[in-house]
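Listed after this line are the structures, all set down as structure tokens.
You will see chain A twice below: alongside chain B first, and alongside chain C after that.
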Partner chain A sequence: MPFKHNPQVFSSSIGETVLGTGEKALTLGGENVWSLYSFDGAVKNPPAVGIEFSDQGPDRSLPGVAAAYEGAETLAELAKKAEQVPGVQFVAFRLAGSDPNGDNESVADSVAKVKEVADAISLPLVVTGSNNIDKDAELLPKVAEALQGKNALLLNAKEENYKGIAVAAVTAYGQKVSGESAVDINLAKQLNVLFSQLGIKNENLVENLGQGVVGYGFEYIISTVERVKLAALTQNDAALQIPVISPISTEAWTVKESLATEEEIPEWGSREERGIGLEVSTAVASIAAGSNAVILMHPASVATVSKLIAELV
Partner chain B sequence: MEKFIILGERIQIMSPEVKQAFIDRDPEPILSRAKDQLAAGAHYLDLNIGPASKNGEELMVWGVKLLQENFDNVPVALDTVNAKAIEAGLAVYNRSKGKPIINSADAGDRIGMIDLAADNDAIIIALCCAAGVPKDNDERMEYCQTMLERGLSLGMEPEDLWFDPLTLVIKGMQEKQLEFLEFIRQLTDMGLNSTAGISNASNGMPDALRPLVNRILLAMAMEAGLSSVILDPGAPEIMDVVRTVNVVLGRTLYADSYLEL
Partner chain C sequence: MKKLFDRVFDGADEMFALAQKALDETIAELGENAPVSMPNTAYHLANHLTYFKRQIMSLKDLRAAFEEDKTWNIHEPDLGSVFKTGYATFAAAEVIEACKYAKSDDPYNGEYHGHLSDAEVRELGVPLVTNDIPGFVVIHGKAPTDEEALELIKGYQARGIFVFLLGEVIAQARRLNMNMGFPVRVVAVGPDVWQVAHIISFVNRAAMIFGAVQPGERWDFDDYTFWRIHAFVNAFDPVSDLVVSCGAGAIAMGFPVITDDPKDMWPVPKSIIIQPDTKDFIETSLEARDIKLKITKVDIPVSYSSAFEGEIVRRDATRIDFDGSRFDSLEWVRMREIHEIEDHAIEIIGPDVEDFEEGERVGLGIVAEVAGKNMLTDFEPVIERNFHNFINCAEGIMHTGQRDLIRIRISKDAFNAGFRLRHIGEIVYAKIKSEYEALIDKCQVKIYTKSEDLKELRTEINKVFDTRDARLASMTDETVDVFYNCILCQSFSPAHVCIVTPERLGLCGAVSWLDAKAMNQLDPNGACQVVTKERVVDEHVGIWEDVNENVAAQSHGNLQQVTLYSIMVDPMTSCGCFECICGIETYSNGVVIVNREHTGITPLGMSFSEMASMTGGGVQTPGFMGHGKHFIASKKFMRAEGGPARIVWMPKALKELVAPKLNATAKELYGIDNYVDMIGDETITDDPEVLMNHLSEKGHPVLSMEPLF
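Coming up: the complex of A and B.
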């Protein structure tokens, strides 16, 4: 029997959210087909790839990373190097130093850092906070204020602190905000409902459904992303018609397989290659499940994933 | 159908207020009922002008335009036995928000309404009866088949025939209720769309009981596969039942605020 192609094009679609400004502005979402299914219909905006570095500086013990950031010392210099990595469409900057359980830097210091990075680049900026609920509630509104006019995306608005962050980021200072839920589809939807009840429209939202790395209960993460896209596309669920962002790097480079040195476990081979492998496979699987943007750390991962997207879409 | 469709039933000639508004061509009571029903979650507004044998055409045109002009071309169910009035209403109907529904045909004297739907690319509510109450589901199914074949032979899509099993009063016809639910299940198994005027079941009961009975029967009918309903979406907690059943049946993803959506 000859193959009959029945394209699955949905009457509902994911909303579009624009990050950044000017020529380098980036639109996420907008699709009405399954992720990467360009054979069913045009993929309006292919999944985007971003590169992340933190205020602690890049991990120069990895030769590929050291080469990419060679000669860059200040945050502004690092940011410029980051946005020049081939395949990068946005820069993600993590305020690791603001964590109260770490350096516990002042809000003013963190804001100054973000400003330095934002002023150095022309690509859209994504900011990750301290990952502490109380600190982020204080920090992220100030970040939003400092980034006026940049149309940046602030991650980490959680159930406990979403209100102040979202109102400051979107309503007061014109940024975009992402709800963060920990692999809980019902909470993911609830957060978006709460945003809408604050008067925030979908076009100002992104969603982070919770991330993990392959080999660590990853199937659960995949099924969450798929279920969200299923509701958005097949059930026309407006509360989920929002682009998904997947912060891969922080997960991929913090597990034993990417932390153990070659001296510790010689039979595992190069640490850098292991980490890239984890990062690439996690990113590609997340994109296949429906993610609209992935945040990566290693330039080789960025090159691989962006090439894959370019060839498939 | 992708979602469970609610037809708001409150603009109907049996209400003295609506009847008077029709006579006086007074928009206010009609608009107020339309607004309340849409706010409560109605997708379609039923416009029941009664038999309207004298001035049906003019009244239907007035009603359709009134509703669509004031509520962004809200889709309307044109509800009368007067075919001329329906034709006149369809002529001014704006389809941008959904096909018109003709309410209704049956397998008896009113079977010609199917032809009217076919000629005008409308949805038809097809009552599975001819004269009087069908004695069992075999008889209901015969009527259903007759109407389905007629619609298909006239080029209609099967999904544009919404079969109504006929909701019967519980008080007096208690033994018919299970049949009613079973028939909805049969329609569902056949892949056909269905609808029902659920609140008929509680006719004759004390007012205090009616909302509860309507809610429970609606939940049971939805579980059996009912794809749309004709009711007052402003009735106490009735839309909460719809939302909750949609969650239980997996049509809507749960969130703590699901009742507010």
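Coming up: the complex of A and C.
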């Protein structure tokens, strides 16, 4: 029996959200086929790959990372190196020092750091805050103010603090914002509805549905991403037609498999390879489930995942 | 008495005369080609941009614009013209101010704030849009005394309201060394009425920035300012015609004016309010503009956290024992009219804790009187039931029971830390105001400890309980217009949707129709949404087209149909947290019901957990269904299959719990007395054949019913 190809092209599509400005601007979303199903129809904007570094500097104990950032000391230099890593389409900068349970750096200091990074690069910028609800509520609006004209994406607007962050970021200072919900389609949808009630349109939104890493209840995350895309494409649910971003690096490099040293567990082999393995497999699975952008840390992961996307789409 | 409209028109003419003079003088001095702009704004003269889409760059432009302003200063005795004249007054005021800024970038030399920059609009706009700043007030004129001016400003400051000052009140506050400036949220805008132009410019720019309202779209501006900008005006006596004309513009934008000047003043509800006592300005203003303040902290001398919820206060650690089992005691949420309530008033009627002996047992009455536009008497018990959580979370305070059977103990440690009866009031007040923000605008608490008062109150409250119970009993699925869904459990059971009706509460037993309704009011985007029931397919078995559509949408396509009153055809799904499961018993053609607490085996040969494994997960399993305990006595229970007469077996404890209501239902439906005695339980048998004998012996109605298959 000959193979009969029935392309699954949906009449609904995911909305598009543009990050950054000028030639290097990046559009996420827009697809009306399942992720990577380029045989069913054109994938409007292939999934994007970004590289993340934190204000604490890169982990130079990993040879691949050390090589990529060699000679870079200041945040501006690090940022320039980051955007030159092959395959990178956006730079993600994490304000780890602002965490009240850590250095608890002042808002002004964090803002100055973001400014330094933003001014050094031409690729779109994604900013991750302190990951503390109260601190982010104070910090991210100031970050938004400092980045006027950059069209940056601010992550981590949660149900508890979304109002101030979203209004400041999008309405007052023209940035993009990503809601963060805890691996539940209804919570994700509710947050997007709340954004829309503030008058914020889908084109200014991205969504982070909650992230984990393979082997750590990851099936739950995959099924949430799939359900969100299913509702968006098959049921035309406008509140879910928003590009999905997956911040994978912090998850992949903070589990035992990527933290344990070779001295501790020699039979596991190279720590760097383990971490890259986790990062790549998590990223690829997330993209296959429907994620529109992945944030990675290791240059080798970036190279692998971007090559895979280029070959499939 | 001079007519209000005439005051507006005269005031507007006054403003136009002043503007004309300022404009002529400035053009004479600087020439008509001199540039005009406000510093640090991309919105030109924002009021003219808003009203006339004019981008004014020079004095020449300003002169042309002013001619157009005049066309809005129309003295027609209709409300539309009065409002338009109000806007024209703002435009004329902006002309006066623009002339000053044409001559200097900082005409007030830092003495007054004057123009607000775009950066300030954005900075202040964010908390205004998000309600972190609940609103702002424009105070104009001279307070009766300097001290009163200060008190009023600080009162607003303490409530988080942003304050703009115009006129003599600034000097008054300065004489008492009030710290002012943008960071402390008190801004001395200017010495005259016409600096109001800067405040209006601020509002108009906020609408353009945050509301994406387009210049020239006046109705959109009005709409935005009315719904989104919670502003109001406090105008001290005397209020001139000039101020009245500005007031017309403020009212058109949805900002009420509160004044203590009764002379030639015409009160208009929600718009012009005469409050002779300036000390009540704050309360009156907040009410007029519907501003609700957020409560963030419970003001008590002991810790307050859910960690203390399960804490037990032993008798020897007890300072006082309010014991509802021996003394008249009660707790009561009582809906009142809004004017009957003074917000945050806490009254102790009778002796306080220290007036009693250590360890003494007495009675206690807590009455929370509440009012709010969205409040319904139906929500009284919903709120009341949470008193247990509210009070229990305080360290050293134990609360059990509800209604008129409560017990509250205050520990010696809590007493020594300063805990008194008023703190119970503080807890109840703060929790009601914060948890039920969407329902309650005002709340006052009365605490009674005198036995004669308590006796009287208890008689009264028992009548209320009777009314409530009667209301619940009369509330049937047929008498309500809508049902609610509940998807709280979808986080772990993604395909499950509960349809909650008056006669069928959620299967967890925790969400009744009234609870769902209250949850929907409190959080319209939350887990409980309205489900209409307009398109009936079969009301007897419980099928509605709109209910099916809702279930299909909310289960993301996993379920297509549900029959509310059947366990055989498209029964309602279960998440996993059901109180009870019923499953068909094939020998008798009846059903067995088992509750979660029962650990033994049932005549089906399965335990609760074995039956649960077939029932949960949001899948429809005909013949099995999860439900709440209170659903058993409902007339809608399995109505499609003949109703509660199908029940052949229940654990004894469950039988005892539901007996009074189930007996009443069976009497009404089938004319059977003591129906529950016909039902088997584990003390009779868990064997299906023995159960059959029992049923025949008792003449159970199921034996004469149609087979289930």
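Here is the rule we go by: the second predicted complex is superposed on the first by the 313 of 313 C-alpha atoms of A that agree within 3 Å, B and C clash if a C-alpha of one lies under 4 Å from a C-alpha of the other, contacts with A are read in each partner's own complex, and residues count from 1 in each chain.
Simple rule for what comes next: a residue touches a chain if its C-beta (ideal position, glycine included) is under 8 Å from a C-beta of that chain, and two chains touch if they have at least 3 such contacts.
Everything numeric in this text was worked out from a predicted model, so none of it was measured.
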| item | value |
| --- | --- |
| Chain C versus chain B on the shared chain A, clash or fit after superposition | clash |
| Partner chain in contact with A:D59 - chain B first, chain C second, else both or neither | neither |
| Chain B versus chain C as contact partner of A:N236, first or second or both or neither | first |
| Touched partner set for A:R227, first chain B, second chain C, both or neither | both |
| Which of chain B and chain C A:G199 touches, first, second, both or neither | second |
| Which partner, chain B or chain C, touches more chain A residues | C |
| Chain B versus chain C as contact partner of A:I185, first or second or both or neither | both |
| Chain B versus chain C as contact partner of A:A172, first or second or both or neither | second |
| Chain B versus chain C as contact partner of A:P141, first or second or both or neither | second |
| 63-71, 135-143 or 243-251: stretch of chain B that collides with chain C | 243-251 |
| Contact residues common to both interfaces of chain A (with chain B and with chain C) | 185-187, 190, 193-194, 197, 227, 231, 234-235 |
| Touching residues on chain A, where the partner in the complex is chain C | 141, 145, 163-164, 167-168, 171-173, 184-187, 190, 193-194, 197-199, 227, 230-231, 234-235 |
| Chain B contact footprint on chain A (complex, rising order) | 185-187, 189-190, 193-194, 197, 227-228, 231, 234-237, 239-240 |
| Of all residues in chain C, those that touch chain A in their complex | 122-123, 125-127, 129-132, 209-212, 487, 490-491, 494, 525-527, 553, 556-557 |
| Contact footprint of chain A on chain B as seen in their complex | 2-3, 251-257, 260-261 |
